[in-house]
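Next, two complexes with chain A in common: one pairs it with chain B, the other with chain C.
Coming up: the complex of A and B.
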């Protein structure tokens, strides 16, 4: 058992660190002598640290180090005069050395000194910046985040050249020690909101963090919540827009995306392209999305309630068509709709796992084939198929994948309620979901803002999109600490 | 233990005031008012709008003079401890009755219209469950709901306007039948504005008290407009003779429309109105819970369970229409007069006490 602090014996320090990396095949110790006879050791993890850089900026100058003056601090001298690395720190903590070495740094231990030099020689062997495959942009910037967190932060910094843009680092994941960075614009973000985000991040204690989905779930204490609380994006331009509006972005090492917090309900229905289009065109797109959402949620339940309990509410012209299409259909309406919905969901899930062109083909061909065969077999009526198809197509209008999943889910309990209580069931179900939304506070910001509480100044960027000069101002709804003034 | 928050914004206050008055009155008001005032029924509806305006204005003055104390403390200050308990009890019963009468009436209307297959008792259970969930975390949540559901009121106003060119203007003539009849019909219309008395309780919870009278007036005027339009259009379309003979003339009017896809507006109306009813019952439930919790010092969440238990039991009792109309006819006017007198006396006392404290 070793203490956490280095002492002046290189042998002791080396053994202590080596014992921690005992079975790590990539752990490299390189012994050298500097200034003729002073033993020195270079420690790094092969693959994470860049060997060439170690040779050039550490080994070469160290091996040519002249005999030092006895009175000087050797560590300080080496740092200031001989190492070419731009990012250098010193430490006497073994724990810090181990975690930094795992982050791609190289540690230099010198005999007679109880400190180690840490140089940043992280390997830049990362995927190049490419266009996002999931968030295609027609008019906006093409670049998307990569797995390197530093490059990701740089991409944001390049877009926001503002000294108030701050980045704070955390380590989360008891086993993985994953670097998490939170970035925001000081002076725009509400300090209370920021504090809540940081507190929740610091309270996370799990062995591993792999993606933004992990962080999002761990930030939300309500396991039963079906709505996303943060927006995941691969695009730095979207993050920049959100930061300017007073949000924070959480970046995760080795993950090509950012989590934008706090999320509000309506923004999940707003596409990035909305801000590039003209006011009327963008507002029209948003209204179309609103109609699509209403269609997804209530079209099937209303059809079921009408068919099962209130057929008298169909007008005369329509009822004859419905009767003729439903003749000899053996399944009750609920099962009929469920069966079709299930088939579509299976196809969709299948499509996601396949390469994009095949997946799309499977979804379309599968949908047509299954729908056609189901109606021909007399299992499903034409009108049911039309209703289900309309619902499924409407889901494609929601720009955010997480919200699509939530909205798609809502219609299933509503279908059951419609089957049990007819129109009252649908009304109750919708009221219940509204209740959930009204009760949700997201890091101190109301989830349904700016409608609850009403913020007239923020209405311009909701179901319509107003002029850009009004839309791009930081919304008052995100100022959690001032929100009750009205 | 659930977190309870009662803070509301001025907009939320306005929407709560507006929603608190919407109950069964919207369906049955044209009938009762036309029975007395005939084709001029819409005039007393409009004139009675002075009641919510008066109550909210007086409520504000009382609270301003008493420095926005909460309701129990306010009564303690104005009337002393014993009388304060009596007053709180009457208000408790008043809102308990309001909540249960509306719930039972809602169940009956649904049973009468789109959900004939469900028993009123099932409808009551669903309503009580949802309104309990709306109320159990305090007034803030109700304020947010009122804000969200406000656009439904606009739709409720627009819906009768569909009939604007389908009626017969002779149904409205002569515009003023008899001044005495108009005055005689006014008490009935006052009752349809009951519920606005919630303002006595919620002024202290406002985060900003600036220009409150404007917000009160707008909230009241929206409901006054809604009621007046409903009565006006019903008379215009059906005539006062038919209107006065129907139990729910507005439902009859709505069901007589012919539109594509759905045969009429009835399900849409039930949708919009039903959501407003959930809100109205939640508002009454909040007051019942609040008084109960303040007087007995039982935590809010537990009081909420008790209050909604009481509303549920009373609603079951009021399901038979005979019970509902009998008790509503007997108790509500008495309570109504009490509340009115309380507001007048409190207004006077608040000025006197204010002077004393100075």
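Coming up: the complex of A and C.
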């Protein structure tokens, strides 16, 4: 075992670091002599560090230029006079050297010195900034996050030219050492909320962090919670808007997205374009989404409850149509709905995994073929098919994918309750979900705010969208309460 | 833990509700109309009209009639014939024969009042002859006769100043509100269908007479607020008339002078000239229109005074629905006093006809 600190022997230092990267085929050690035959070693990971850059800014000056004075501090002299890298640090910790080398830096060890120079020569072989495929924007900015965390932070900084925009880095993942950055605007974000986010991030101890989904789940201690607590987005303009409203964004290295925290229930139903549209148009879109949400949650359960318990509540003309369509259908309504829902979910899941054009074709053709053949075979009634189709189409109106999954899930327990207890079951189920929403607390911010607790000043940006001068102020709802559950 | 307790309580409460006593829609018969008749002197008869779904998209109707001594004797018997559960909540029409109405409809009102499964929006009518015969007619414009009669009643408010709603809720109000009289639409079989021909007037829960067709419009005008219809003033002979389309607003005030009950009915009629073959508007000016307004108002007032005299003095029945205003002022305990003194009370009528438009045809 080696100690964590370097000593003045290059051999010792080199062996200590090499033993850590023993089976790493990409680990490169390059021995050179600088000045008057002083042994020196350049260490980097091929692929992560840019070889050309190492040649240009480290090897060339070190090999070609003589170092005049022997009595000077060699590490300091090399740093200040010879290395062309703009980001340069020194360290004597072997652990830091290893983690930085893995992050794309190059370490320079010099015999006789107990410090190493770390130069940023990270390879820029990353995907170029492109348009988001999942969050299409009509009026807003087209650029989307990429896998390079520095570029992502830069994109946010370009949008918020404010000295109060802060970025703090963390390393999470005991095996992966993934760089996580949290950005926020100091003075706008509530310090209590920020503290809670940071504390939770620091308490994460898992071997690997791969995506924002990992972080979101690890920030939420309630494993049974079905509602998302943070918004995932690929768009820097959305992040900028949220930061200005007093939130924080968590960026993950090698992940093309950001996690915006804390999230409140209603904002998952708000599209970024809402703020670009006129007040009336944006409010209409939001009301349409509200109708869609109600449709997803209760249309199927209400249909089922009416079929089983209260058929007399159907209008007279409609009941005739429903009974006619249900003649000789072998499946009971619940199984009929479940069967169609299952078919739709299978089609949707299949569509997601396939390439976009094929997936879309599968979803459309599959939907038509299955629906048509199920009704022709007399397995499913036309009305049931219509109800299921309406529910499925309504799910497309929710802008946030995670919330779509949660809302879609809610209707299944409600269907069972409707089958067992009719309208009483639906009402109990809805009451239960509203109870959960009102009790939920997200980094000290009430999840169901501004309705619970009621904050009239924030109502302008909920079901409707008020004038921009009222909406763009940091909402009072994001000022954390004294609740400390999550 | 508190959360768990709450869930347990909700589940336990849910199991106590009896919701599991359900009838899926496929096993229900959609009840469309119910007709009540009397057979002989002591037997009641009920006719049920319901929808039959034979094949996909083919809907027909079926009618069954059973008899018994009470309404539920009859219902019990009907269950022996029906193959599916009758759904009372979908009932569109309750039709009661004149003979049945004359012996009283309190049992019918009571059933609807008690049973929450019954539909309170069901239209109620009285019919000439047997209700069974009417329900057995083959509907021309709808699947069932019940729906056809319901449509007839619902569209009737457009003429003859008929009241807008005559459903079970209105029946309850007319029966149980102090100072009111039950008055229901009266239909009769006409060719292969039915037509609205009068209004049945009740005392308590028993039908006592029906209003003759020629009085119908005027009684309705005196009785209903915000009603509409057509008034025609004829100077004798064909092609010599003035027709007005009217919207009538009624305002009733009540006062007592000594022991004398005085009702003041003020009718404001906003009218449009629809037809004028009397050539009133040869000269279209303010004076001409004002003179015509005064003439038709006065003419209408005279007709209404005749109607009031007829029903007040000869029949002693408040078909104008005005006694409730007296009771509102005097108190519910004076109901008997108000009813007894109806014949001796004074009913003033004031008619104000306003001609809003003479139409687009000017001479």
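Operating definition for what follows: the second predicted complex is superposed on the first by the 476 of 486 C-alpha atoms of A that agree within 3 Å, B and C clash if a C-alpha of one lies under 4 Å from a C-alpha of the other, contacts with A are read in each partner's own complex, and residues count from 1 in each chain.
The rule is short, and it goes like this: a contact is a pair of C-beta atoms (placed from the backbone, for glycine too) under 8 Å apart; a residue touches a chain by one contact, two chains touch by 3 or more.
These numbers come from a predicted model, not from an experiment.
S.K.: Is A:323 in contact with chain B, with chain C, with both, or with neither (first, second, both, neither)?
M.R.: second
S.K.: By the touch definition at the top of the document, which applies to A:332: first (chain B), second (chain C), both, or neither?
M.R.: A:332 contacts chain C only, not chain B.
S.K.: Which holds for A:163: it touches chain B only (first), chain C only (second), both, or neither?
M.R.: It touches nothing on chain B or chain C.
S.K.: Please indicate which partner A:424 is in contact with in the superposed arrangement: first for chain B, second for chain C, both, or neither.
M.R.: Both partners, chain B and chain C.
S.K.: So, A:307: does it touch chain B (first), chain C (second), both, or neither?
M.R.: It touches chain C, and chain B stays clear.
S.K.: In the superposed arrangement, which partner chain does A:207 touch: chain B (first), chain C (second), both, or neither?
M.R.: neither
S.K.: In the overlaid three-chain picture, which partner chain does A:454 touch, first (chain B) or second (chain C), both, or neither?
M.R.: In the superposition, A:454 touches chain B alone.
S.K.: Applying the document's definition of touch, where does A:467 land relative to chain B and chain C: first, second, both, or neither?
M.R.: neither
S.K.: Let me check the overlay on chain A: which residues of chain A are in contact with chain B and also with chain C?
M.R.: Shared contact residues on chain A: 306, 309-310, 312-314, 316, 421-422, 424, 428, 431-432, 435.
S.K.: Over in the complex, which chain B residues touch chain A? Could you list them?
M.R.: 7, 9-12, 110, 114-115, 117-118, 122-123, 126, 130, 133-134, 137, 141, 143-145, 147-149, 207-208, 258-264, 266-267, 270-271, 274-275, 278
S.K.: In their shared complex, at which residues does chain A touch chain B?
M.R.: 306, 309-310, 312-316, 318, 421-424, 426-428, 430-432, 434-435, 437-439, 446, 448, 451-454, 484-486
S.K.: With touch defined as at the start, can you tell me which chain A residues reach chain C in the complex?
M.R.: Per the touch definition, chain A meets chain C at residues 306-314, 316, 319-320, 322-329, 332-333, 420-422, 424-425, 428, 431-432, 435.
S.K.: Using the touch definition from the top, list the residues of chain C that touch chain A in their complex.
M.R.: Per the touch definition, chain C meets chain A at residues 6-7, 10, 14, 17, 19-20, 22-26, 28, 30, 32, 51, 53, 55-59, 87-90, 92, 117, 119, 143, 147.
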